[in-house]
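As written, the chains take the letters A, B, C, D and E, and residue 1 is the first residue of each chain.
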């Protein structure tokens, strides 16, 4: 079997369902792959490792990909793990913010990833506000605690499948403004990236084929999928993960290799408009459809 | 302070090493940019970096002053009272044993995201080396001196102040030199946990935007700031120790 | 080591304080869980925690040994040669001034995600206090002793070894006591950068999963580990210092 | 201030072996009591016992003043090592007692004393910049600044040349008039000059030695003094 | 090993003021040269100059051996302070030179020397557990273990009682036979007993003193010795 190294974006969590289920069901074996899965703590590391050739594949985020390619990192999207945004603007359900316009003069927490200001600027724009009308606070490690503790009135960068459930379990339910419903071009939250110069396209194709089978299996049998996923590690078996699983599996891409070029072009244009990138690159510089080659 | 120029030599050596690594290991720029790229980023972002550096410097200086005071006071308390010693010492170790990273979110939630959470982080991180080194020094007073002071009828408090403290100044200086290096780390950690300005924030932001050269530029400024602080504190300590004969 | 039991008193005091804060400030459990909740999490996850603790302990011990050796060796090099001093000292400060987090990608790129990147992180973090404290001690040898040794015709190397080093043992001990507390922090930071086991991994994981009680349970175990290590090193150092008369 | 007589009785052990046993030491009230004896016999230990300090030996016995009041707070002590504080100037070292008790040091008194001790030119120096004899004189000045009825001097003049030694003896005798002074010395002439009572300490206990006829302080060339000095020397050398 | 004579000429300054000027010191080859003088006159400074050590003074002059070879590596030095290493036992301190040079210490020689210095019972003790005189004897033993043609002794017997002092003088004289010894002392009797040449050091320079007729080492009660002792004492006291 061919050995390949995959770096997740973070610790194992329900977002990684297809990967772990493929592993459990032996789909990688069937595809002639022996996949080593590494879980880092800092989500900004994996794309670097992939670009540096230290990993064959990394799980990353579409918005970051645009910035990284603009800065010259040899990276391309080769597959999709979660095909919708997960990011949301989170507020307390019984809090003072009922619509975007209520954010005026409020504190908004974020965890630095690079695009928050652009995303927020667009969302606020739909209500006629600008970044000047709010106070931004970097709360790095703890989005929902900062919100629940009342340090901030809203947070951006929270995951709808995760923080919402967490808050519910803690008894302070939250409300999510979905970014793609508030003016942002939709995008793929989790993608697979690789170094286009060094990657082994055939191996990645086989990898994506295996996760495609796993994603289909999960969509067809979500409960069995959960059992398989949570069976991989004792730490995964808890209420939060179980709830998150239910909110996550419908978002797994069942066509992981498939590329919607328009999504990438629109998001590139959005970032250019927001001033985060200097020039608009063609989609072919950002992403590749391995199935089409 | 002509000696302040001498670190230029090792700085050059380091630069050479850095450039060497970049060439030899064919380091991609997004992991380790070349010195030239970083220099460019440094110059073209000078205003931005300077602004954030100023914020961090203020946090560091406040943290250093408060942390040194708190550490020294703790060492004194432990030195006078065996009870305080057995109570405080494990607590002191605990303040370090619990990684500030783990406590940082809690502290930040209490103190908010302003200056003080960073100052507190710097204080927490330098508190222990200062207290520990000073305490060790206080417990090593040559017995002849304390014997003499006791026969002279000095109360313990004054023995502490006039004999044990001066005798422990070199040890305190040792702790302060460490503190000068750790205080910036504390402030940076504080900024990572939650801030909207400062070099730590700038580094996170640059990293998030894949501007690794900007991140390294901020890093360099931080390093230079630390070096200068270490030199200044070292110089002051050397003078104090020399005065202690 | 009956003294090892004495920290129980402050530990109890700390527990009471903790419970007090939880009650008084009506702390929500997702910020600061009550001791009882943490105890429950500790017991029900005992096996899991123990496994991860074992991994971290191994990293810490390896890091402590290597870091202490490296730090002591550096101090010795600086003590013998003024050239080495002016070259190494700024570099030494630099190893601390550059936050390890920023260097982590580079280090992991070289060392991978295994044991050694954590050990290296622990080494990096304790290297400085050991080197710094020991060096300070080496530079404070009473001049009468070095005068005597020189007249006796001892080469500098042997003066270092037989006079300056023994005279600096208390200072080295001071540095090692600090190192005992910092080594676990280093390992934890290393685990945060990338690991699949260890207490640091468990803490981040638990934090990310909002299992704050499990995170605190891991934290407690880490704290206890650090306390015991500090005690063991302190005890060994006290013996060594006592033997130095 | 009335200076008490002092009595020390008892036995001291070093580990299991006795250092001295059945000791019965008496110091005269308001005068100088001198102790001579071979090196290592326990003279400094005795002095430290009177000062109320820890010793290397375990002591089984009593230390008492003739007025039955505790000695604590009534003793000044000059150790065999000078124990000057290296970060203080000579003048500050001389005023250490006052500084440590928080009473203001009398600068004029210090200056006067340092002048008489020949240290005027060195008052601002640190101890590390002094010669051995200068250090000893600084420590003596510090002890003389203490206004205590009982004064314990452990070989206070050992690092001084003959002339300076005689001057310092004169100075100390004048300054300590009326106090009970215990002096450990290796110089029989010194004991003969200053002693109101002279003890020879040996492994087998204390022996009282005869005194010159003249009252202390005696002239260095006082014939009685020289005679006693010779006798002490002969006794100490073991040549009867 | 042939022991050279030594000559020191020059001027030493403390800051701007001269400590001693126009000094012309000569030590005899293979014998004891004694230096007496008031405290602070510069005796230890002179000794340190010969030893090739830093001093508190700035020295303008030369230190030369009669064989024109450098003195470095040919000198043993016993400082005025004992400078024992606190972490070594007495025996280990005595063997320090060999240890520092990396040549094996001769355990039998050390044991023998410690026995003759009366320290057999204390060989395993740390310096902190010794009396003042025992510390000084340990430092002396350490110096005597050094096999060097030139030996500098800075008040080596000052903390000893008369008997032990005479014994140590005998011991040192026997052990150092044939070497050039420079002895700083405050005891005129000691100088009279040991000196092949005796210098009186004063603010105005060195003066050579007459010697007893008998060759050293003289008996403590040698009449010529006592006479010279008396003359030295009178001269030092300034009573002509």
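In the analysis below, a contact is a pair of C-beta atoms (placed from the backbone, for glycine too) under 8 Å apart; a residue touches a chain by one contact, two chains touch by 3 or more.
Quick caveat: nothing in here was measured; it's all calculated off a predicted structure.
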| item | value |
| --- | --- |
| Chain hops separating subunit E from subunit B, counting only touching neighbours | 2 |
| Touching subunit A and also subunit C, the following chains | B |
| Far-end chain from subunit D, centres as C-alpha averages | A |
| Maximum inter-chain contact count - chain pair | B-C |
| Distance from the mean Cα position of subunit B to that of subunit A, given in whole angstrom | 37 |
| Length of the line joining the C-alpha centres of subunit C and subunit E, rounded to whole Å | 50 |
| Rounded Å distance, subunit C centre to subunit D centre (Cα mean) | 50 |
| Geometric centre distance via CA averages, subunit E-subunit A, whole Å | 84 |
| Residues of subunit D touching at least two other chains | 81 |
| For subunit C, residues contacting two or more additional chains | 31, 101, 105, 109, 192, 207 |
| Residue numbers of subunit A (touch at least two other chains) | 48, 52, 141, 145, 149 |
| Chains grouped in pairs wherever the two touch, ordered by label | A-B, A-C, B-C, B-D, C-E, D-E |
| Subunit C contact footprint on subunit A (complex, rising order) | 10-11, 13, 38-42, 45, 48-49, 52, 54, 141, 144-145, 148-149, 166, 169-170, 172, 234-235, 238, 240-241 |
| Contacting residues of subunit A [partner subunit B, same complex] | 44, 48, 51-52, 64, 67-68, 70-74, 109, 112-115, 136-142, 145-146, 149, 151, 276 |
| Interfacial residue positions of subunit D with respect to subunit B in the complex | 48, 51-54, 73, 75-77, 79, 81, 83, 85-87, 96-97, 99-102, 126-128, 146 |
| Subunit D residues within the subunit E interface of the complex | 36-40, 43-44, 56, 80-81, 118, 122, 129-134, 137, 154-155, 158-166, 186, 188, 220, 233, 236-238 |
| Residues on subunit C engaged by subunit E in the complex (per definition of touch) | 142, 144-145, 147-155, 158-159, 162-163, 166-167, 169, 243-245 |
